[in-house]
């Protein structure tokens, strides 16, 4: 499927189920895709941060894209992350993802290097030229350690270089500035799963919620309440999802990083709900303990998901 | 060549010359290696940050290691960076570099992900197990956004997981703590090219100076003065090199990042000195202007290198 | 006036007009207070960051509180910032402000020192005990370099230590968590003047908008639209105010800090609108140039304020 | 005493002993001064970070300066910190310290505010003009959150605005650049107590070691070894002091900030050595536990100081 004029709605970043040996568990991945599409999501985003893209080898990345695009078979768009340090390496991932069937690619600013805004601008222009496919910018300062400014994004959007923005910066003021410019055909998606109602109130087009792996129905309902202008119902649904998001605090910060805790909780929840076979995360992440997994289970039960 | 019991001396991070089209310029690379070995350096470090490793594709990385190890033919050790986001991806680079002839690999902590010290510890242990070759830790918080603590490094050193540390953190207090522990067989190298005399006074084993591409003779002299306890002569040589390091300020910070300015200056100097054919840097870096290159030339002349 | 059960609505942080010699311009300050109360604001916050509290001597701080509380004479509550590095110094400012007539004090976490959450908790408990007056926590990581966590704030709120939170952190996820807990009698105010509609949608009690000095009527309208559930009209008003906020970009970032540009723009706008006599800011801030002030004037005209 | 042409040698930042009630313990302060001068230090620095200046009220600051200058009676120079957020407030502290007998003042860049280098430059020029006394710049990015650049410092030094620099930034490259310029009459002091030999090797004039409260004799010996070019003996003494510095790790990072642990350890050591009466630190700092104090005692014993 090619992209719609403008991406909208719920676009979960799809977790990458792994076998205990660390291989991509394609059977579980297909069941997860069915879990998401069955809930009515509008598109899928594979190879994002929540997908553990930073931990997957090139071969594993290809497997993920082929498995998902093959199974979805054009029913909804599939976006793929092309996550690497600089333009030449990102371009290779982008070409591989497109060759494997992705409809669009999502790329961050360069990282590891010390980057100037002019270099970020050049990076996205070169990427768009190299891929010939829709490119969305992924603003993720927590990983990339630079923030995409509104002027930069709007310049690239206005020139047709970017098809959209996935904003996981947490900076709602800049997000608002980008939205308020209302560039035709440019899709603004928030990655802040706790702020969906407020982002849609501002005029955002959609959401890329990591927690949407666990409760896609909740996010679909939330977005529909917003579209209907039923802001009180939206807030109630959002607050329910915020409480559910507490699963990411199950993993002890004394023992593991916030990445291990977050992705570990999502995978534990998916296994507990019977969607995937194993909660395995990629090394060097630290797995949740049995007690921490029990804590996830309790929160799922409280949220009516178990 | 296998590694000596302990790496010491001058180990420059070798720039990666590129053709105007962005390919690895192997002819220039070989001349650069000759320029360095001719000055008497003790080992070579390819695929480091100064080598633009973040910008090189996997194929280009292989070309670099094969070219250099093939040319050096065991005369001195060749270390190779295995720079990527997490353990599975770093392990693949490490295996490729070793297969292409490298004697040891150099790896950072995970980046892009949100990492806990326990995960960094696990990362290096898994890497050492996966490669079966000497692994040096590369402490580079400016790129990696986490700092390797002295306890972490010394624990890994004491357990024989790490063969050494390349410290580019700028944190001389932690460097001192690692040096003072004097772990047998563990090599402590500073990447701070402006602080070589002081690092060696503290007891560091050697230096990995980016500026050593431009003036390897200077660094070889500097290390010899230190070894001889001629600290006044060492300081004078170090101050001369500090002044030469001013070439990295030629590129305007209003137009480019500090990476573009630094690597651009090293490559401009190498071209001006006739060592390499082109000063091309990889995209999306911004090239030095003609005027900025003239400024590099003036500083080379002042330093007696042109 | 003592505080209402819960502070709500528009509570502007009052600019501190200065004479060209740097003294507090009490005549202009009184006119500014009339400008704000005439627009229907619900309370006043003096000695906040927008008030240049960091630049005012103790004597000037006292003059500000006395002038404003004397003029307001209990018609609406007056909150006063007690901004200093640690508990003993903050407590002195708090006592002085209360003695000068303030109804409540607003304090940040300790800064300059390297602080642990347990010390921040202790800080607010000691302050509340020392002052015997309502204390609001001021979350301003951009100045204080630590973030107040939701657990910390809610613990202090639940124990009756804090009467409210002024959140200028920009972290809307944590703000939502604090709001969603709905602690009785605890007032949650946002300092993010570009995100008022979304904060009120989440359930915030009010807003402390620096830009409210320039256009208090706009913020009063905005809060009324939100209270009425007229979210489309609220968004339109908020976007108008976001555009007006562009005045803070008039001052060149090449010449001055963002503080100089922001406060300089507010004061230039107040002078252009005839509210205060001088746009003088305290040293070492850099004043706006004539051309930059013209730029402010153009934006005021575009917003219908001149 | 007026300042010597150039400050040199060991200039400890004097701890401020407190009574259990939080008052300045002037008897202990005088014994501490005798402990330091008896060891042969070259000058004293009161009201620095190690002196808990951030926690002392204005009255307490005055008491400290009067007590120390009165007791020293001109035998050696007394520098006083004038630590506050911006120029007008710093100038008031500076005038008070000079009136109380200080020979020079030490000031940081503005903090809490968002500052531009041009504003920092203006800040020091205004301060020098306002005080008419020697002003030293205090570079402490850990507290102030901006770094003084070499160009800025050297510009102010060259214009006679600054009499010296106290560098506690940890950035030895910039320190080297400032030293290498060798501005006549400008004193460069390092605050990095673990890097004294290397700073003196580079050409620094002296050291301001917090740990010098505990072991002033060690620092005096260290500086004498350096002056004599006995670098091996200097290194041995420095490594001994580095080991002693481990006392700052006695306080648990799970319970307290690094400030509480550091100052708490210095004060515990001074009490254990019989120099001061109480180890009390100012609120909201967390005191060391009995067990943590025992740990300090063990390290003092190991260092031959108990």
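Order of writing sets the labels: A, B, C and D. Residues in every chain begin at 1.
We take it that contacts are C-beta pairs under 8 Å (C-beta built on N, C-alpha and C of every residue); 3 or more make two chains touch, one makes a residue touch a chain.
Protein names from UniProt, one per chain: A, B, C, D = Dihydrodipicolinate synthase family protein.
Just so it is clear, the structure is predicted and the values come from calculations on it, not from any experiment.
Note on connectivity: the fewest chain-to-chain touch steps from chain A to chain D number 2.
At the interface between chain C and chain D, two copies of one sequence, more than half of the residue numbers in use appear on both sides, so the contact is built from largely the same positions. Relative to chain A, the chain whose mean Cα position lies farthest away is D. Simply put, of B-D and A-B, more C-beta pairs touch at A-B. Copies chain B and chain C of the same sequence differ in orientation by 180 degrees, per CA superposition (steps of 5).
Rounded to whole angstrom, the centroid-to-centroid distance between chain B and chain C, based on C-alpha atoms, equals 49 Å. Computed centre separation for the pair chain A/chain B is 35 angstrom, with centres defined by C-alpha atoms.
Residues of chain B in contact with two or more other chains: none. Counting only pairs that meet the touch rule, the chains in contact are A-B, A-C, B-D, C-D. Looking at the complex, you find that chain D touches chain C at residues 22, 49, 54-58, 60, 83, 85-89, 92, 110-116, 118-120, 122-123, 126, 142-145, 253, 255-260, 282-286.
Note for the complex: chain D touches chain B at residues 170-173, 176-177, 180, 192, 194-195, 197-198, 201-203, 229, 231, 235, 239, 242.
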